[in-house]
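Next up, some structures in structure tokens.
Same chain, two partners: chain A is paired with chain B first, then with chain C.
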Partner chain A sequence: MNLSFLRLSVWIYLAIFFAYLLGPLVIMAVTAFNSPSFPSATPWECLTFEWFSALFQDTRILNGIKNSIIIGAGTVVLSVLMGLAGALMLTQIWPKLRATYYTVIIAPILIPGVVLGISTLVFWDRINRMVGLGPDSVLSSGLFLTILGQSTFIASYCMLVLVARLQRYDTALTEAALDLGATHAQAFRKVLLPFMRPAIASAAVLAFLASFENYNTTTFTFGEYPTLTIELAQKVRYGISPAISALAFIIVILTVFAALTNEAAIRRRELVAAARREATVAELSGGGVKLPGFLSGNAAAGLLVALAIATIVVVGTATVYSPDQCITDIREQKRIEADLRAEELRRKRDEERKLKAAEEPAPAAPTGTGTSSGSFGGVFDPNALQNAPAAPEAEANPPAGNNSGFGGVFDPNALKGTDN
Partner chain B sequence: MPRFLKDFLTRNGTGPGLVMLGLVLFWTVGLIILPQLSMLDFSFRPNLPPPEIGGPKDVYTLENYKYLVYGPEGGGQAYNAVDLMVFFRTLVAAVCVTVFNLILCYPIAYYLGQTKGNHIRVLALMLIIPYWINEILRAFALRIIFGETGVLNTILTGIGLFDTPFDFIRNDYALYAGLGYAYILLMIFPIYNVIESLDHNQIEAARDLGAPWWRIHWRVVIPYAKPGISSGCTMVFMLSAGALAAPQILGGPSSLWFTQLIYQQFNDSSDWPQGAAYAVVLLVTCILLVLAIMRLFKVNMGDIGK
Partner chain C sequence: MSAGVGVDLENLWIRFGDFVAVRDANVNIKGGDFFSFLGPSGCGKTTILRAVSGFLDPSEGNVLIGGKNMKGVGPNKRPTALIFQNLALFPLMKVWENIAFSMEIKGASAAERRKRADELLEMIALEGQGDKLPSELSGGQRQRVAIARALCAEPHVLLLDEPLSALDLKLRQHMRTELREIQQRVGITFIYITHDQGEALTMSDSIAVMRAGVIDQIGDGKTIYNDPATPFAASFVGENNVFRGKVKQVSGDRVLVQSNRSGELLARVSTANVGKMKEGDSAMIFIRPEALELAKTGTEGDHYVSARVVNEEFEGNVFNIFMEGDGGKEIKVSLPNHGQSFDSHKGETMTLRYDVKNAVAMPAGVLATE
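What follows is the complex of A and B.
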């Protein structure tokens, strides 16, 4: 009983944790399809695709995507190169320097992105001035600064990924190549590089993603090249719109696609390997191995196909579907509701006024209120407000002869009077 | 030519060796060390218009650091209470976020690391997917939830817990939730990596010897996972103390994060030396704090990033 209780609590904890992790994304995705212009999931009004078309008509977003891709490409090249060089250097650096060197190249991960952005900006500004170039030279261009600033720490990530693979490399392979007469460049290109290829690929993907989503460093260096993240931040800070949810939804879907494709490919490779292992020698030599189909026993591939079909269906619906009818209905409904509410308010006010009028005989009513016949029952009548508080104050204050709200406590005479 | 350089070049070949050395030097010296020193130097200079830079007025001064502690000269206050408050609040909040993340993530990392099965791959994938989308969009998603007419308020007022919508943004709950949310992965992965290599037999042995579950964690798992825990905590602390996007989007209008002050000095009042001084203070304080805690828990710098 104790064990099953433990298991249950583990599952509940996992559920809560993943709800915290994924819930916000799901809700954001829902708001991309809801019609109110403030992104909200509740109340649900109309299914609409207009936020997607609004997104694709936003030139600033499109321009940001373009800049992000250019900067991402530059960052990938620079940081993978520096990361690889840094990783190779780590394996053969003078032992006494090793700890210091490792601290230096790992530090950019820990330095706040803001600090990296500032230091890049300040340093290259100074170099620019030393060289004597104007304010619009290459050295102060946003493109150049952003690539350098981002590469500073993204190269450290790449280095970590590459070092993990490099540790399994047998340096005897390079030595063998050199003994057989290869030049150093050839040995590097034909022996080490093919071995490192998977790690280089994952480092490049990691570098691009890190560059694409970076905000803290870029916000100081971007200059005239605002990236997508910068544009999004400015939009989100000065008024949010469901078009941003639409963009997020697209990114999430692309991510899921990429992840599922990767999963499906891995699973397929495993299945193929298993099939080959079980095949007889005759089958193998005859080329008659029955390889499993793409979809059999591969849940990720199945999901991938389902997601692709769903996407096509949704896009197809979006082109023919028009939410206009629903939106006008909702608008009409809202108008009726507002009318009803106003009507009710008016009735209540009327009743209150009648009640008041019945309680107080007509001559005692404050002057002026009676003339007001608006639906607000005279609350906006300036006289109504003035008359009411004036009466009690006049009663409380007469001895001090002071009309301030502090009831005369700051009156120097008042203090003297009590002292004596 | 020094001997080790000669050795290096013969080992790697002159061409590849020089390219490698050039790249490493550019990275370590040109991108890491010199810019930081340059920022440090810049923070000791007065804020001058470009033509006067390098002129007679360009002398070293402690002005920018004094400003953080004492406020503007003749400001009438003994201390720069606003900025100092922001500074300490940022540090305390970052520590709280780190502790919260550790408590939240340790069970998950332990579960992922010690359980075998296909569903672990799926869970790991679900963990990574939120981190492939933008930091800004993650903050935006939380803003939709915590907004005044957001989902959470609609639910809470709907079930009658509150009469009027509660302002999560003004009270900074949204900010803390957002910061915790932003760095979950950076806490889980280092701990997961270490716990995965822990031999399950050790836990079985402890259980067979009669240890209750909490003692197994306290005496076996946590000591073993210490490098991962400290690595995760260091990253989460540094990143949340240096966060800019989440406070800008989720922070209340009246409360600032220290990085926002730096941002304002660079962008709004264009007082770069002042901003550089604040950045130096942030960097140095964070590093000292992390080193102190690592000393306290006896962890090495080399364990970070594993």
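What follows is the complex of A and C.
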């Protein structure tokens, strides 16, 4: 009794926790497929893929993505190299200096990104002037400055990841390689580097993600090369469109894809190792080991395949599906509703006027007689609030939507403040 | 296979800061020999080996390999291969890639490397295991892979740092024979490090006994065992009973010692100490447990010892009797088991005799701590 209550509360807690964690993502994903031009999940109007095509036609977003990827790649290379050098140095340095060195090298993580951004800008501007180059030299290019600025602290992250692996390295392995005739470079390349490879991969992914999402530092250094985060921030200032939800949805899907691929690969490696352990000598040398298939006993791989199929199906539908009919219907319906309302309002006013006329002998001149749905509904039109750029026609969003049974809790309009 | 070359250490000193790890070592190792450094943990054995393989520069003195001074020659340029105490097999490479690593460095093709690796795998009785990872092998197998990897580099000198210490007893004894066989087959110089006197005695042509950075004695196993040069060598190599006292009379290589507990004892001065003992000096006499035998109780003389039996044990091939000895130490007597009847004498006083040539005397000094 008590126990089942406890179990129940654990489940409820988990449900709330995951709703808190994933709810916004789910809502956002839904808005990417809903036709209203302000991102909203309710009322559900029409399934549409137009926000995806809007996204892929938005040159600023696309350019931002391109810049983010270029800068991310540059940051990965620079940060992993500096991180590896820092990590190797840490193991070589005189033990008494090690703690101090460590503090110095991870300090950039503790310094606010804004400070790093400003100092990078100022520092390289000085250098640029000292060298006597013009304002459009490489040293003052946004690409160069952003990569450098981001790397100042991302290199520290990389170093932490690499140091953790390096601490498990047995220096006797390098000595063994030297002893067998290898040069220092060969020992590094053939023994230490392969050992570090998993950590280098982790550090590279970490560096790329950190670079991709960085705003604080980049905002001072981007110059002519606005990254995706910069573009998004600038866009949101003029109101958001479901195209941004579409972008976020794509990013979420890519993340899930990457995570599942990784998980599936790890699981497969485990299975292969287990198979090798059980294999006999003859099987090993003859290459006759029965290795498990990619999908057998691999839940992550199964999910991955399911997700891939789902993606193909959705993309396939998107190419043939057209929401035009639905949108026209909805528009028609809205128009009728608006007309009805206008009609009712007119009737009410007429009645009021009659009442007033009954009270006052001299009736006032009727104001706003030809009340259109537009001037009336304008108050409720989110376009008016949001200045949504290029809103397709006046889509009077009926107030009924906001009065749905959920009391607007899940209405992104209500969440707007956090979205920005 | 390349022939073994000699290794010489000349006045070798190695210091770490103020700490002297190796003090004035002078060793001449003949080419093709199986040479062991034997000493307790921390006495500087690994340090000497690292100086020979080139990972450590001597503070003073020289290392000569094949007569050539190795000063300034890096570890990858020396004709030595080292088997590390923890083996240091490359964990991410397959067994055959490990073995052929030295060829990969020189740019040999994969086919050549595979062929050589398979030959060596056959030699170490691991045919067909080349595609495994080192972690998939047992301790003894890994041991042999490490040896094969070192031999693949065709060194003139193979250096082994306590290679058997991680193995269990059975395997250790088996590997002793195997190592000795490999050494005789390839004919190169082996320099072997161990703290196990059994290993050193069974395998080596020559042994250096080390104590705290100092080489006490160099000689073949028999010499070290029968004619130790220092109290440390006498007590570290094999079991030994020590009798302390003062020199009463010296004549040639015979010395009469007034012992603390057992009266006057006659002994042979160890070869290294002939002429170094004077009347009145503190002395030590060492007699091995198997060199003592029971005598008629109450017999007295300069090669008889009487003491009270405190304990007895049966070890299969020998009966051991422990008697009250000098300085809290017991005197151990080992009587070979010929199937004779054996009565307990616990608590009684018994008399032992020995041959004077089996009692080795030398100036008193530091004993090995058990």
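As a working rule, the second predicted complex is superposed on the first by the 328 of 420 C-alpha atoms of A that agree within 3 Å, B and C clash if a C-alpha of one lies under 4 Å from a C-alpha of the other, contacts with A are read in each partner's own complex, and residues count from 1 in each chain.
What we mean here is this: a residue touches a chain if its C-beta (ideal position, glycine included) is under 8 Å from a C-beta of that chain, and two chains touch if they have at least 3 such contacts.
These numbers come from a predicted model, not from an experiment.
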{"item": "Chain B versus chain C as contact partner of A:276, first or second or both or neither", "value": "second"}
{"item": "Which superposed partner A:236 touches (first chain B, second chain C, both, neither)", "value": "first"}
{"item": "Which of chain B and chain C A:46 touches, first, second, both or neither", "value": "neither"}
{"item": "First, second, both or neither for A:177, with chain B first and chain C second", "value": "second"}
{"item": "Which of chain B and chain C A:89 touches, first, second, both or neither", "value": "first"}
{"item": "More chain A residues in contact [chain B versus chain C]", "value": "B"}
{"item": "First, second, both or neither for A:190, with chain B first and chain C second", "value": "second"}
{"item": "Chain B and chain C footprints on chain A, overlapping residues", "value": "183"}
{"item": "Contacting residues of chain B [partner chain A, same complex]", "value": "4, 8, 11-17, 19-21, 23-24, 26-28, 31-36, 38-39, 42, 50, 53-54, 104, 107-108, 111, 121, 123, 125-130, 132-145, 147, 149-151, 154-155, 181, 184, 213, 234-235, 238-239, 241-245, 248-249, 259, 262-263, 266, 272, 275-276, 279, 282-283, 286-287, 290, 301-302, 304-305"}
{"item": "Chain C to chain A touching residues, read off their complex", "value": "53, 55, 74-76, 80-82, 84, 86, 88-92, 101-102, 104-106, 128-133, 136, 149-150, 153"}
{"item": "Residue ranges of chain A in contact with chain B within the complex", "value": "6, 10, 13-14, 17-18, 20-25, 27-28, 31, 38-43, 81-82, 85-86, 88-89, 92, 94, 99, 101-116, 118-120, 122-124, 126, 129, 148, 151-152, 155-156, 160, 183-185, 188, 209, 212-216, 219-220, 228-229, 232-233, 236-237, 240, 244-245, 247-248, 251-252, 255-256, 258-259, 263"}
{"item": "Chain C partner contacts - residues on chain A that touch it in the complex", "value": "170, 172-173, 175-183, 186, 190-191, 194-195, 276-277, 281-282, 284-285"}
